[in-house]
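Each of the next two complexes has chain A plus one other chain: chain B in the first, chain C in the second.
== the complex of A and B ==
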C-alpha cells in the first residue's frame, strides 16, 4: 500500500469526479423531464398514449445501458448520424433513467388514495388544481426515497459512459492503475470519491424528504 | 447504310446510355456513405488535423499521466503528423471500442499498437511496424522456479483476452511436457495484479510492455528472458479503403526512422533501440 499514489493522482481523480457528477446530473435532470412525460403518457386516458409510454419503458428498461450507449454512439454513425461523445453519454443515461423514473412517479401517483381526487372534485376543485395542489405534492413526497435511490444508481452506472471515450471516475482510476501498476491504490481513490459524492446525494435526499414532509401532518 | 440503320443505331445508343445512367444512379444509392466524398487523406489535410484513438492504459505505448497523454505512440504520432504538416487529436477509448470506432469513422487512425496477424490483415490496413510485439513472460521477482520460458510447464499463466500474445502462449504451452493453465483477463493490468497477488505464476504480453512494467515495479516483477514467441510486430491500424492515408502515414514513419528521431523515442520509452522492418511484414501468426 502506497497512499502517495492516491495523493499524486488526487487532482486527476477530482477532475474525473467532476465529469462523473456533471454527466450524471445532466442524466438525472433530463431523465426526470422525459420520465415525467412518459409517466403522464402512461396515466393518460388516451389508449395510444398509454401504449406508447409502456413501449418506451419496456425498451429502455429492457436493453442494458451499455448496449444503448454503444448503439447511440457507434451504430447511428453507420447511418450518417454522427453523435458527439458527450451527447451520446448524457442521452443514453437520460433515456435509460427516464424509464425507471417514470415508473417511480407512476407508482407514487397510484399510491395517493383515489378518494382524495374524488373528494376534491366534490369540493369544487378544478382538475388542474387537483393535480397541482393535491396529487403532485403527495406523489413527490412518496417518490423521494426511490428517486434518490435511482439517482445514486445512475451515478454509479455513469461509469459505463467511458465506452464512448468520456474520462469519468472509473475510467480514470483504471488509467492510474495501468500507469502506476498499483491497482489497489487507484481503485481505493476512485471508490472514495464515489462514496463522497453519494453521501452528499443521500444528504440532499434526506433534506428534501424533511422539507416535503413538513406539510404532511405526520 | 440506310436511314433505318442510322435510326436503329441511335436508338440502341440511346438505350445503352439510358441503361448506363440507371446503373450509375443505382450505384449511387447503393454505394456506402462517403464513397464519392473526398478521401480521408484529403479530409485530414483540409481539416489540418489527424484524429486518432487508443486506449491510454498500455504503458509504455499509451499512458494517461494525470490526464496528460504520454508514451511511445504519442511521441511517434506527433513526429509523423509534423512530417505530414497537420496537428493531432487523441481520443481515449476502451480497447473494445477502438476498432468499432475506426470502422464507424469516429476517427482517422488507431494508434493503439496492434499485433499484425493474418486474421486482422483481412479487415484492417496496417502501417509499417512501430515496435516489436514478440510475446514474452513476466514472473514475480522472488520466484526462482521460473528461469526460462519452458519452466511454466504445469503452472498458471494470465494474459489479456483476445490478444495475439495469449494465442501464442497457448501454441507454446501445447508443446510443453505438462499442461499450462491459461487465465484470460479483460486487460493486462488485472493479469499483473493477480501475478503480484500470487494467484497466477506468470503474465504473458509483448516484450516491450513487460520490460517497462518490470522496470516500474522491479521489487515485484521480473521478465523471463528470452521472449518465447515468434517474431511479431505492432503496427497502427487504418481502414482498408483509406489507402492514400496509410501510404502517407507509412512514408512519414519511415522518414522519422531514417532521421534518427525514432531511435530517440525508443530510447526514451524502451531504454534501448530496436530495428524494425521497413515494410508491412507477412504475418507469421
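== the complex of A and C ==
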C-alpha cells in the first residue's frame, strides 16, 4: 500500500471525476425529461401512445447500455451520421436511464390517490394545472428514493462511456494503474471519488425529500 | 455464425443459464427480504438504529458491486468467513440489492395515505397486521415498477459473478469463446438467453402490477 500514489494522481482523478459528474448530470437531466415524456405516453388515454411508450421501455431496458453506446457511436456512423463521442455518451446514458425513470414515475403516479385528480377537476382546475400542481409534486415526493437509486446506478454505469473514448473516472484509474503498476491504490482512489459523488447525490435526495414532504403531513 | 457450434456447447450454456437464474433468483429474494426488513426497521423511532441502517444503505449503494464481491470472496476468509464462489455470489447480490430495495420500499411507504394507517390503528389492528395488510399492499402500487427495474438491473449484474469463477452464463460463454475462437456466436447465444430472462421478468412484473393495482381498474369501472 502506497498512499502517495493516490496523492500524486489526485489531480488527474479529480479532473476525471469532473467529467464523470458532467456526463452523468447531463444523462440524468435528459433521462428525466425523456422519462417523464415516456411516462406521460404510457398513462395517456390514446392506445397508440401507450404502446409506443411500452415498446420504448421494453427496448431500452432490455438492451444492455454498452450495446446502446456502441450502436450510437459506431453503427450510426456507418450510415453517415457521425455522432461526436460526448453526444453518444450522454445520448446512450439518457436513453437507457429514461426507460427506468419512466417506470419509477409511472408507479408513483399510480400511488397518488385518484380522488385528488377528481377533486381538482371538480374545483375547475385545467388538465395542465392538475398535472403541474397536484399530480407531479406528489408523484415526485413518492418517487424520490427510487429516482436517487437510479441516479446512483447511472453514475456507476457512466464508467461504460469510456468505450466511446471519453476519459472518465474508471478509464483514468485504469491508466494510472497501468502507469504506476499500483492497481490497488489507483482503483481505491477512483472508488473514493465515486463514493463521494454518490454520497452527495444521496444528500441531495434527502434534501429534495424534505422539501417535497412539506405540506404532505409527514 | 455457426449453428453446430452453438449446438455443441448448448449443454454448458444451458447449465450456465441455470446457474445465472439460481444466483439471480436467490440473490434477489435475499435482497428483497433484507431490503424490506431495513425499510420496516427504519420506521422505528430509534435514531441510532436508523443511522446504522442509513450507513449500510449508503455504503452498499454507493460502491461498485465488483468491489463488494471481491471483499466478500477474497477478503472474507481473513475474518473467518469462507464461502464458495456461488454462495459468495448470492450473498453479495443479496447485500448489494438490499440497499436499493430498502430505498424502493421506503419510497413506497411514503405513498401510503396517512389516513389508512390511522384508520388501521384506530380499529385496533396489531402493528404486524397494519404493516402486512394495509401498508405493504398500498406501498406496492408505487414500488412494483421500481422493483421490476431493479430485478432487471440485477439480472445483468450477475455477469460480474463470472470474475469470481461462478460457472454462470458469462463464464460459460467466455469459455466457449476461448476454446473455439468464436466470440460472436458465444455472445449471440448469451444475448438470446438474457433477452429471454428480461422479457420474462417484465411480463411477470406487468402481471404483478395488474394484481396490486386491480382496485384502481375497479374504481375506474365504477366511475
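A few comments on the model shown:
One rule holds for everything that comes next: the second predicted complex is superposed on the first by the 216 of 218 C-alpha atoms of A that agree within 3 Å, B and C clash if a C-alpha of one lies under 4 Å from a C-alpha of the other, contacts with A are read in each partner's own complex, and residues count from 1 in each chain.
The rule we apply is simple: a contact is a pair of C-beta atoms (placed from the backbone, for glycine too) under 8 Å apart; a residue touches a chain by one contact, two chains touch by 3 or more.
These numbers were taken from a predicted model, which means no experiment stands behind them.
Residue contacts after overlaying the shared chain place A:78 against chain B, while chain C stays out of touching range. Shared-chain residue A:156: touches chain C; no touch with chain B.
When the shared chain is aligned, no partner comes close enough to touch A:124: not chain B, not chain C. When both complexes are overlaid on chain A, the residue A:100 reaches chain C alone and has no touch with chain B.
Residue contacts after overlaying the shared chain place A:191 against chain C, while chain B stays out of touching range.
Once chain A of one complex is fitted onto chain A of the other, the partner contacts of A:62 are limited to chain C, with no touch recorded for chain B. By the touch criterion defined above, A:114 reaches chain C but does not reach chain B. For chain A, the partner that touches more of its residues is C, with chain B and chain C as the two candidates. Those residues of chain A that touch chain C in the shared complex are 58, 61-62, 64, 100, 103-104, 106-108, 110-114, 118, 141-146, 148-150, 152-153, 156, 187, 191, 194-195, 198-199, 202, 209, 213, 217-218. Put simply, chain A touches chain B in their complex at residues 8-9, 11-12, 15, 70, 73-75, 77-78, 80, 82, 162-165, 167, 171-172, 174-181, 183-184.
Looking at the complex, you find that chain C touches chain A at residues 58, 61-64, 67, 100, 103-104, 106-108, 110-111, 113-114, 138, 141-146, 148-150, 152-153, 156, 194-195, 198-199, 202, 213, 216, 219-220, 223. In the complex of the two chains, the chain B residues touching chain A come out as 33, 53, 56-59, 63-67, 91-94, 96-97, 100-101, 104-106, 187-190, 192-193, 213, 216-217, 220-221.
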